[in-house]
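Next, two complexes with subunit A in common: one pairs it with subunit B, the other with subunit C.
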Partner chain A sequence: MSINRILAIAKKEFKHLFRDFRMLSILLLFPVFLLIVFGYAVNFDVRNIKLAVYDQNNTELSREFYNSLISSDYFQISHFIKSDSEVKVVLDEKIAQCILIVPKDFSQKFYSKENVKVQFLTDGVDGNTATIIQNYVNAATASFNSQKTNHILEQKGVKSYIPFDFQPIFWFNKDLLTTRFLIPGLIAMILVIVAVVSVSLSLVREKERGTIEQINVSPIKILELLLGKTFPYIVVALSNAIFILIVGYLLFDVEVKGNLFLLAFTTIIFLFTSTSIGIFISTISDSQQIAFTISTMVSLLPSVILSGFIFPIESMPTLIQILTNITPAKFFIKILRAIILRGVGIEAIWDQIIYLLLFAGILLMFASKIYLKKENI
Partner chain B sequence: MFSIEVNNLNKTFGKFVAVNNISFKVKAGEIFGFLGANGAGKSTTIKMLCGLLEPTSGDAIVGDYSIKSQSDLVKKNIGYMSQRFSLYNDLTVKENIRFFGGVYGLEGKELNQRMEWILKTANLIGKENLLTTSLPGGIKQRLALGTAVIHKPKIVFLDEPTSGVDPISRRSFWDLINELSAEGITVLVTTHYLEEAEYCGNIILINAGNLIAEGNSKVLKTKYLQNPIYEIQCSNIVDVMELFDKSEIVDETSIFGNSIHIITNNNFVNENQIYAELKKLPNIQINKVEKIVPTLEDVFIHLLEKDKK
Partner chain C sequence: MKIILNIIKKEFSQFKRDPKMFGIVLIAPVVQLLFLGYAATMDVNNVHILFLDQDKTETSRNFIERFESSGFFSIDYYAENYDELTEQINKANVLVGFVIPKDFSKNINKNVTVKLQAIFDGSDGNTASIAAGYITKIISEYSQNIVMDYREKKGLKVLPVGQISTEVRTWYNPYLKTRYFMVPAIVGLLLSIITLILTSLAVVKEKEIGTLEQIIVTPIKPFQLIIGKLVPFIILGFISVILVITMMNILFGIPVRGSIIFLLFASFFYILSTLGLGLFVSTISKTQQQAMMIAIFGIMMPMVYLSGFAFPLENMPQILQYVSYLIPLRYFITIIRGVVLKGIGFTDLWQETTILFLMGILILLFSSLRFRKKLD
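Right, the complex of A and B next:
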């Protein structure tokens, strides 16, 4: 093993990279793009729900009731419905996502101490949002109810109290911000894409252009070639990771709670794993086109869908849960969330690290088997 | 004395025999021609000699090292250039040289000296900082050859180095090969151009994995083709060729431009027989019937035809 040879290859590879303006800009702008998309556009928080109100009662009490809903920023009133026929139109034409119908006898029944039935219609197409709306309205109604109950009890001279006061507190992400959950995963996403795609492309390019012939007859060993060729991309991937951490801290308030060295160490292990995927792909593909297609399929899709980056693995069917193990990003995202959000040490993540190493080992073994076989044909 | 010694080299891929028991020797400092049709086993042999492929059986000593047990040392001591341009198109001339210098462990003053030498010998001065992709094919090949010998190997393998290169560039490429040979480097070159084979000292011809002829061009022309060859210039050469194909005094015919070459057999006594044959065709205008020294092309076509039978 010769350091000089590795350096010569790495230097050459850097030159390729800097000369290939398109590739370089993709590698550098891609993280920026993903940060914008996942930082701002992808948001699972449901806010500013458009509410239409059909107030048939039109009294002070009815106004007090629906104003209690819009006092939070969850709802905003988009429309006041005047007639029965309008109800259907409002939902059909998406003027509002939900409709509150206050019956004619709203205040009358309330004052005569009868149970008042209030209808609440929700557009159920987006089930997730509909459920969230339902929960907001339930909570708002419950609080309006208890406020009214207290009021009545007070008038009767009964001292009111709350028998069970439920006090939920969220740890690690107290405001339940989606970005805080997404940004650590984003690091894994970008690293896996940069490492797998660029490593497989740069290796296959040598095959495709025939330059590998000159390398093969030289004293360069396969390990030297791999180290030299992957080094520049590891540098790019690491700078991408650092960039996301800095932007995450400045713009999205995501602070690394755990040890930075542990973070760097695990990141390098994950890069090793992703690189081995790239190497494996390069052994089974003969052109950059094939390599690119396979790498995006292998790195992008599972990392978005199966890694738990967006969709929680726990709520997937058992069979799919088993399938999620094919993506190393799943394990690295666990590590990242653990270190960045929870600030835990190696004792909580060592099993994930072992898995990543195992994954890389198996892939490299297969890659070298295939490589050697190909040499003989 | 010998810088390459090949002993009973064999390579099979499954049932297919690519190289069948080949043995030959290459003298130090000579230009050695390695000829054969596409798929004859040339590239497989060269790959084995470069330490890229392991032989199925047999061995070869390249430089002082066995290709079987010391392929790493073989690689360090040879240069190789393939027919496909295998330097980096997106690097400049200088960067390519520097990279391969680094690969062979050259640095500092030594690397600069070799770089100067390559630029000068390959006639690349003034083009150092051009991207390789912008160079014409002939110059690319000179750069590739210069780079292949950056580490001063004793032996260099050239696998069809001039295919697809124009005649003038080919000439200047051969000047470069001669220069290397003059410096004591052994050059083993494969080619399709038979006029190039004339520049080689010794030549071997392989067909379907078998070595079918060896020697210098004079030996090849006399030893392997003893019956007289005649060149006939006339009209209707296609008819004439068909005529001689059926003739009892002729073994083989082949067209060379506007004339045909006929290789006679043992029934042949003198030229009158040829004229007698020609008279069988009316309206033939005969310009020339002449006994010639066979060209290498005649020899190889003859040998390949014989090997087929």
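Right, the complex of A and C next:
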């Protein structure tokens, strides 16, 4: 292996990149653009849910009840329903996401010591938001009940008794902001796009144009070619990662709590793994269109869906949970979250690092086998 | 007309010659559907929890038992001290560490308020807050039992007022599965990938190889070329829509409640705009690599984020909500969710349908004009 030859190829590839100014600026600017859109757009925090109230009782008690619900910023009353027929329209046309129906005999039953049911109709299409609404409504009703009961009991001279004082403490992300959780995942995703997709495309392009045959007859060895070709993309990807961290810090307050060197080190390892996927894909595809489709299918999509980036892996069916291991992004995201959010050191993540290295080794082995076989034909 | 047919024929024989590509285009939607359908769930139903039980009495064990039987938790560890709890949370082995204090059962018997502490790994804010909701519910049910006993002791069997209970009914998606929310929207996503990205790649490929110039010197008119290039992708798009709708029903038991014909019409309107965008991308890029990056980073991703596909639009800042009105996928997803899940039709969705149609025509027209200009 000759360093000179690797450098020569890397230089050539850099020239390609710089000459194609449009491509370079796309590669450097779009990830930041994506982060900004993403950071502001993606938000699972449930706030200001539009609530429509259908108050058939219309008494002081019923008003007190729904006002206690909107005292938090979960709900805002967007509409008062006047008739039965309106109920369906309100949900169908998304005038409100949630309807509270207070029955006619609400206060009468309440004061005559009978239990009453109020109905909540929620638009369940977005199951996640609906679950949160459900949790909140149950808790709010329970606290309204105990407040009212205790208040009256106290007037009668019975001391109120609350058995538990529950204090949830949220570590690492006090305000439970979704952005903070998602930005590390976004870094992984963008690196996958740059490393896997562009590497495979740039290698296949040489095939498509036939220049790879010219390289084959030159004294350049396969390993030198690969190292030289992927080097510029690794540089681009690393600068992407740095950009994202800076923008994430400036705009979204995402601070790296752990060691920056450890972060850089693990990022390089992940890039090594991703480029080996890119190389592998380039050996099995003959055109850029195919390379693109395969890399979306086997790397981009899994790293969005199966990596735990957005959807928690624990909630998936067992079979899919096993399948999640095919995406190295899963392990890198674990590492990123550990370093960026929790600030832990190498002792908590060494197993993930080993996995990433193994993954890369196996893929490179297959890729070189396939490549050599083709060359001999 | 004949010329257009010939171009279409040529495109199809290109497909045929490249069976890998054709196979991928057909298999891809099914694989994506499987992935998204099974994996894309935000339901929180398996919270890993650790208990630090400092009380170790029957009462505390009973209390822990309530977590187990709720079905939402899996109790993975019992810690002996705070260090162990911290370590497991740092390693992300558990989401919650729950501390039961020493005097738990003693204080309950004495009717003194017990402080309960739960430490959450808050990194995933959404999961953490849902899990906190489950815990609150378990605690409040348990405390209700205790309060009843307490009142009985005080001779207050009957409460002075009735109790309000809530009956939460969810429409359209009674089991609150994220799957119902995601899967129909995948149709929109797939259509975008096939029609937008593949179109732009197909056109740019001719540019890159130089065959586009050969076409320009033939008597083929630009609009004939455009139509001929686009029709195969429209057909591919429709095949994948039908494929996905069928699979949706077979695999996930999600039938189309509304009119399929209306859905296909809406898909066609949507395809108009994605084809237009694909064509537009091809006019501004010289190589396939560029086209793909612009299509993914510049159009697909923002479209996915801002369409309400996975992330609720209501939670976004006002400005982004306005921007989302410019995104065709937004209207298409509203339509497809409406038709598939709610069974509503054109009467309720005429606004979205009209906007989608107009957008499609406008985008396609604009891009075609630009494409023609580039050819000249």
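Note that in this section the second predicted complex is superposed on the first by the 363 of 377 C-alpha atoms of A that agree within 3 Å, B and C clash if a C-alpha of one lies under 4 Å from a C-alpha of the other, contacts with A are read in each partner's own complex, and residues count from 1 in each chain.
Everything below uses one rule, namely that a contact is a pair of C-beta atoms (placed from the backbone, for glycine too) under 8 Å apart; a residue touches a chain by one contact, two chains touch by 3 or more.
Remember, it's a predicted structure, so these values are computed and weren't measured experimentally.
Three-chain overlay on subunit A, with subunit B and subunit C fitting side by side and no clash. Contacts of A:Leu121 after superposition: subunit C is touched, whereas subunit B is not reached. Shared-chain residue A:Leu250: touches no atom of subunit B or subunit C. In the superposition on chain A, contact is made by A:Asn138 with subunit C only, not with subunit B.
Contact with subunit C, but none with subunit B, is seen for A:Ile290 once the two complexes are overlaid on the shared chain.
The partner of subunit A that touches more of its residues, comparing subunit B with subunit C, is C. Judged by the touch definition given at the top, the superposed model places A:Asp20 against both subunit B and subunit C. Figure legend note: subunit B and subunit C, brought together by superposition on chain A, show a least Cα distance of 11 Å.
Counting contacts by the rule stated earlier, residues 20 of subunit A appear in both its interface with subunit B and its interface with subunit C. Per the touch definition, subunit C reaches subunit A in the complex via residues 18, 20-21, 24-25, 28, 31-32, 35-36, 38-48, 89-92, 108, 111, 113-130, 132-137, 139-140, 142-144, 146-147, 150-151, 154, 156, 158-181, 193, 197-198, 201-202, 205, 285-290, 292-294, 296-298, 301-302, 305-306, 310-312, 314-317, 320, 337, 341-342, 344, 348. The residues of subunit A lying in touch with subunit C in their complex are 20, 22-23, 26-27, 30-31, 33-34, 37-38, 40-50, 65, 91-93, 97, 109-139, 141-142, 144-146, 148-149, 152-153, 156, 158, 161-178, 180-181, 193, 197-198, 201-202, 205, 285-290, 292-294, 296-297, 301-302, 305-306, 310-312, 314-317, 319-320, 324, 334, 337-338, 341-342, 344, 348. The residues of subunit A lying in touch with subunit B in their complex are 2, 4-5, 7-9, 11-12, 15-16, 19-20, 209-220, 375-377. The part of subunit B that touches subunit A in the complex is made up of residues 13, 50-54, 72, 75-76, 78, 80, 82, 84-91, 95, 99-105, 107, 147-148.
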